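Same chain, two partners: chain A is paired with chain B first, then with chain C.
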Partner chain A sequence: MKKVNKTVIFSMLLLIVLSGCWDNKDIDKRVLPLVIGIAKGDNHDYEVTVQIPITKSSGLMSRIVTSKAQTVSRALGEIQTNSENAVDYSQVRLVVIQRNLASNPKELKQLIKFLMTSKEIPLNAQLAFTNESTVKLLSNINNKLGVDATSLFDYFNKGVGWAPGISNTRIWEAYRSLYSYTDDLTIPVVDSGKDTVLIYKGAAALKKGRLTQTVNLDENQLINLFKNHNADGKIENVDFASVMVKRSTIRNQALIEGNTPTVTTDLKLKIDILEVHSGITNDQIKHKLEKLIEKRFYHVFNQSKKNETDLFGFGQYYRGQIPYADLKNWRTTYYPNLKVNFHAQVSSE
Partner chain B sequence: MSRKWQIGFVFIIMYLSLNHLMYPKLIYGLTEAGHWEVVVCQGLLQITLIGIYIKGLSYFPQQDVIDIYSKMGKLVAFILLIPFALSLTALIGLDIRIHTEAINLFFLKRTPYWSVLVLLFFITTYTAMNGLSTILRSSTFIFFMILPLLLFIICSSFMNFDWHNVRPLWHPSLDFLLNKNFFHLMGYSAFLPLGFMTYKTKLTFGFIFLEWVFVMIIFLSFTYIPLLIFGEESVVTLSFPMMEAMNSVDIKWVMFNQQTIFLGLSLIGFTIIKNSVLLWIIGRIMQKVLKWKRAKASYWITASSVIAFILALIVPSRSWTETFFLWCSGVLVYFMMIIPISILIYGYVLNRGRVHYEES
Partner chain C sequence: MGDLVSDIQNLFSVQGDFFIGKEVKDKTAIYIMGFSTLIDLPKSNLYVRQIAAASSSVKELFTNLSDKLDTDINQLKKAILDGKLVIISEGGKHNAIVDPVSRNLTRSVTEPQSESPLQGPIDAFVEDIDINIGLIRKRLTSERLCHCSYEVGDLGSRKVSMLYVKGSVPEDLIKKVDQQIKQIDADIETVDDFNRVFGRRRFNLVSHFFQTELPNQATHSLRTNRIVLFLDNYPYALVFPHLLWDMFSPSIDRDFPSLVAYGLRALRVFGVIVNVLLPALYVAIISINPEVLKIDLALFVSESRQGIPFPALLETIIMVGLVDLILEAIVRLPKSVGPTITMVGGIILGQAMVEAKLVSTLLVIVTTAIVISGSVVSGIPNSLYIRLLRYPILIIAAIYGILGVFAGFLFIIVYLASLTSNGIPYTAFRMNRKEDAK
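Entry: the complex of A and B
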C-alpha cells in the first residue's frame, strides 16, 4: 500500500512538471514565417522583412512586415514584439539577402555567422541574393503567391530533372565555406519576375565571405556536377539540335608534383536527341556538344582561377596530398598553378 | 535479460551520455588530422585500465569497491571514497546543467532552465532511490528505445557527407599523447561504476571488451559525423558539433525535419540513467563508509542531489559550466587511475600472502 502511494504521488507530481504549460504557445496562436529578407538600410541599420501568414475568418492571408534595427536579431525581435501573435521563426525556409549587404564582405560574414548561431532560424534554410530591394521582392511574392510561399522552397528544389543548374545553398554550407581552405560555393541570385514569381539571375561565387564573380545557369550546372549532383534532365542547345542529358558521371584524378597540381576529369554524358535539323548526323551533334561543354568549363575555370576562387572544389582532392599546415595556402600558391585536363565524352542512347 | 547484460547496457549508456556533447569538441582540440588516432589511443588507454580493474576485482568475489577499501582500513576508505563521492556530486550537477542547456538550445527555447533542471533532478533522484535493480531494468528499456534512433540519425547524416573532409587521414606524430588534455579526455569515461555494481555478478573481461568495441564505434561516428559534414576548418568553431551536424540534415518528411529532437530524446534518457547510477553510488558510499545508524542510503541520495541541484542552479553561464565541467572531469581522472591500480596491487599482495601461507 505504501509503495503504491509513493508511485501515485510521484506520477501526479510529474504530471504538473511535464505539462510545461506556463510558457507553451499552441500552434494556432503562432504564425510561422517562411521567408525572411535582410537588407542594409540607411544609417547602418539592418532592414529585416518578413512574410507573415495570418489566419482570418475568410481564409488565409499574408502580409509583409518590415523592421529596422541595429542588429538582425533585434529587428527579428521587434517583429515578434509588434505582431499580435507569437512569431515563430523555426520554419523559415528561405533567407534573401539584398545586394547592398551581400557585397560588403565583413557584414556578409557577420550575417552568416549570426544565422548559423541563431537559435531560432534553422540551419538548413536556403540562402539567396537579390539585386532588388528585399521589400519589393517579398511584396511580389506576396502578390503572386500569398500564403503559398512554400512554393518558393520548391523553386530551389525542383527535384531531379527539372532545373539541375540552379544552385542550392543552405546556411550551414555558407558558414562552412567561410572557413574552408579548399572549397568555395555559389549562392543563387534571384529577382522578382513579371509573370513568374522569381527570375533566376545566375549565381554569385562566394569566397570567404567575398563575392568574386557570377556564373550563369549552364556554368553553375557544371559546378553542381563536380559537387556530385547529377545533370539528368538538362536540356542543351547545340546550334543545329537540342538534346536532353539522360545520365551523367564524372571521374576525377588528382596528382601533384612540386607546386603544380594536375586534375584529370572525365565527364561522361548520355544524351537523348530531342530536335534536330535535317541532314545532321549524331556524330556531329556529339562532337559539337563535347566542344561546347569543354569550352564552357574552361571559361569558368580560367575565370575562377584568376579570382583565386575554387568553385569546383578541386582543393578537396588534395586534402590528403598537401600537408595540412600548407593547405591554407591552397588558393594562393597551389590553385593558380592548377592544370585541369577536362574531357567530355558524349554518347547517345 | 540477465543481470550481466543489464550491466553491459548501463556501461554503454553511461559512456554515450558523457560523450554526446563535449567529446567531439575535445578531440578536435587535440589534433588537426587523423582524429581516429586520438580516439583509438584513448580507447586503448581505457581498456587497459578496465582490464586492470576487472583483474583486481576478480580477487574479491562478491565484494564491491567500498568493501575492498574498508578491508584496507577505515581511514583509507574515508580518504579515498569520500572525495570521490563529492566529486561525483559536482559532476552530476554540472552534467545535468550542461544537458539542460543543450535541451534548451534545441527544443525548449523559451523555457527557463531551472524548470528543466527540476524535472531532470526529480526523475534522476527518484530512479536512484529505487535502487540498482530498478536502474538496471529501466536501462534495458531505454537502451532498446534509443538505439534505433541513434542508428537512424547516424545513417541519415550520410546525405550531407563530403568524404574528402576525412582527409588527411594520418597524423604523423603522436605528440597529442603528451598533451595534458589527452588525459583530461579520460574524464569522459565511465568504467568506475562497474566496480560498484558487480558485487552480485561476476564480469569477464571478454564481455566488457565486446561492449567497449561497440562504444568505440559510436565514438568514432560521433567524431566523424560533424567532421565529414563541416570539414576540419569550420568544425572547430562550433559549440556543440554533433547537434549542429544533426541540424544540417534536411529530410522533407514532416517528423524527420528536425533530427535534433531524436538526439535530444536520447540525451535525456541517457542522462537520467547515468546520473541515477552515480547518485546511487554516492548513497552507497556514504552509507557504508560513514555508517551513521539512522541515515538510510536514500537520505544521502536526496542530500547530494539537492547539493548538485544548487550547484547546477548557481553556475552563471554556459562558458562557466563548460569550464567547471572540464575541471570536474579532470579530478575524476585521478580516481580513474588510482582506484583500479590500487585494487589490483592490494588484491595481488593479499592473494600472494594467502598462497604463501597455504603452501607453508
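Entry: the complex of A and C
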C-alpha cells in the first residue's frame, strides 16, 4: 500500500514537471492580433500586416506591424520574432487580402490552403478582399475618432437584422469551395472609408480560386437568401416607396431531365412599408418589388451562368440526382443549361 | 466496615471527588457513595434520609430506594462511574444503586449553532442523547419508530443509538448496521472513528454520515428511509447513508412552494459548480486557452492583468489560499475578534492587493464568487470538502487548460460516483424502500 502511494505521488509530480507548461504565457503577456492583411510586395514577396490592439486604460488603440518575406508563414514568424511579447494568432478574426494577390488564382489558392493548414490562425476567421494597400486599410483605423481596435472585426458581425447583404465568408468555407464541384461563393470587398473605417464595395465571386465577377450588395443579399441566411432588416427602395423586409422564406424544387436541370424557386417576403408617395397602393408596391427582385435575380444568374460560377449553389440540389462521376462537370455541362423559374411573392403585414 | 465498602474505597482512592458518607439506621451503618462532581450531594442525602425516616427497616429502605438491589462489585463500580449513588449496608449484606439528584451538566435545548433554518423550527440537538431521541420521538409519534441503543468503547463507554422507521428501511441494512456497531471494539472518540466502523474509505473525503443539528431534518431523513444514529455528547444526528443530494436539499426547503424549492436547489448546484470550477477556469482561460474568449473580453482581461507580476496559477493560489485562511481563522477566533479580522482581511484582499497590482481586479471578483458560493450547501463537512476539491482541479487546469478543467471535473464526478456506504451509492438520489441494501 505504501509503495503504491509513493508511485502515485511520484508520477503526479512527474506529470507537473514533464508537462512543460510552466512557460505558458498568460494572456497579458501575449499580443493578440485581430486582423491580418496580406499583399503581394514588389519583389514577388509577401507583405503581411497585422493589426494589434494595444490595451491601455485610456481606451483601445491599435498598432500596425508590417513584415515582408518570401512566404506568409515566414512573414508571420518575423513579426513573432520582432514582437516584444508572444504573438498569439488565435484571436485573428479577419484576413484581408489585397487585390494584386487575390487576382492571381494560383497564389490565392495557395494562400487559402496555407490559412487552412496553419494551426495558429483560427479557421473561422473571415476573409475579405481590398482594392487598396492593406497597410493603408489597416492604418485607417487609427485615424478615425471614436473607433476602437475591434471595429474591423465588428464591421462584419453586426448580427441578424443589421446589414444582411454583407457576405460572410470564413476561411474554411473558402477552402471547401476550392474543392467543391457544385458550390461557389462570394468574398466581400472593402476599402478604407472617409468617415467610417470601411466602405463596402460589393463582393467578388470566387470559383475554384479564380475571381470571376463582382456582385453588389443587393445581389449578394439574394445569394445569402439562397444560403438560407435571413433577409430581415433589409431595406429596399422601389421607385415610389421604401420598404423593410420583415421575414423571408425560400423554397427550391430541383428537377433534371437529360442534361437540362430545372429549379423552381419561390421566395416569399413579408414587408413593412416605411415611406410611400401619396396615391400609391400597397399592391402597386408589392408588384413593383416582385418585379425588381426577379429582375435582379436573373441579372446575376445570367451573368454567373456565363462565367460558369454557381454562385447560388444550385448544384447542391443535384448532388443526389447526378451520378458522382458526372458531378465534377456540373459547372461546364449542366450549369449553362440550368433553367430557373424564380418567383418572388411579396406580402405586407 | 465491610469488605465491599473498603474494596470500592480502594478502587477509587485516587479520585479526589469520590465521596463516601455514613448514616445509621436501626443501629446499622449504611454507606452512601458516589462522585460529588456528578451528584448533587446535599439534595441526594436529604432524599435518602427522608426515605430512611419513612422506612421501618434497613431492608425496606433499600427496596424503597431502588429496584437494583444486591448486585456485584463490577456493576457497582460502573454505576458509580455513571454518576449513580451507591448505598451499601454495613458488612456488605445489602447494596442498592440509586438514581440520585444529578448535577445539571447538560444544556437545555437551544437554537442551532451551525445551521440557520429560515422560517422553520429553531430547536436543535444537544449533547444529551436522551433529549435528542426525545426530540425525534416528539415529532414522529409512531410505533414503527424503532430505537436500538448500544454502549461501545474500551476506555470510556459511549452510548450509541440507532433510530429507524420499521418497514421503510431495508431489513438487511438494519441488520448490517446493527452488526457493525456491535463489532466496535475500539474507543469512538470522534465521528471519523465512528465513520471507520462502516468501512474506511481510502481517500476519506466524504463521510458516511450526513450530520444535521436540526430535529426536523433528522425526522425527514427517517421518513425517507434512512437510519439516524446518535452519539452521546455529540449534538448532531448522523444520518446514514449519506447521499450527495442531501447537501442540496435540506428539509427546510419543503416549507416553501415547490417551484421556489426547486429554484433554491438549482441555485445550490450552480453554486457548487461555480465554486469548484471558477478558479480553475480563470487560470485555464488566462494562461492556456485565451482563444476561447470573445475578443472584447480577451482585451478586457488582458488589460486588467497588465503589470501583475505573478503567473495566473500563483496569483489564484495565493488568493484562494488566503480566503480559505480567513475562513478558517474566523471559525477559530472568539466572536469579539472575528469581525475585525474579517474586515481587515477584506480590505487587504480586496483593496490593497489590487491597488498594489499583486492580483488583478478580475481575480478579486472570482474570489468573491468563490467565497459566497462555497457556503450554499447544507452541512459544514460538505462545504469543506467542496472547498478542498477545487485545488486539484486548479492544478490540472494550470497544466491542461480547459481540457484539464473538464477532465478534472469528470474525475471528481467519477470519484464521487465510486463511493458507497454499505453498498448504497453516494450518488443515489433517494433510498428506495425496496432497495436491496447489499
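What we mean here is this: the second predicted complex is superposed on the first by the 321 of 349 C-alpha atoms of A that agree within 3 Å, B and C clash if a C-alpha of one lies under 4 Å from a C-alpha of the other, contacts with A are read in each partner's own complex, and residues count from 1 in each chain.
Note that in this section contacts are C-beta pairs under 8 Å (C-beta built on N, C-alpha and C of every residue); 3 or more make two chains touch, one makes a residue touch a chain.
Being a predicted model, the structure only gives us computed values, none of them experimental.
Using the contact criterion defined above for the overlaid structures, shared-chain residue A:R319 touches chain B, although it does not reach chain C. After overlaying the two complexes on the shared chain, residue contacts for A:N124 are found with chain B alone; chain C is out of touch. When the two structures are aligned on the shared chain, A:L15 is found in touch with chain C, with no touch to chain B.
Legend: residue contacts after superposition of the two complexes on their common chain; A:R176 is shown touching chain B, with no touch to chain C. Once both structures are placed on chain A, chain A residues 122 are touched by chain B and, in the other complex, by chain C. Across the complex, chain A is touched by residues 285-288, 290-291, 293, 295-296, 298-299, 301-303, 305-308, 311-312, 395, 398-400 of chain C. By the touch rule above, chain B contacts chain A in their complex via residues 32-33, 105, 108-112, 115, 118-119, 122-123, 126, 162, 164-165, 167-169, 229-234, 237, 239, 244, 247-250, 258. Residues 10, 13-14, 17-18, 20, 23, 116-117, 119-120, 122-124, 170, 172, 175-176, 178-181, 183, 313, 316-317, 319-320, 323-324 of chain A are the ones touching chain B in the complex.
Interface residues of chain A facing chain C in the complex, by the touch rule stated above, are 15-16, 19, 21, 24-28, 30, 32, 34, 53, 55-57, 60, 88, 90-91, 93, 122, 149-150, 153.
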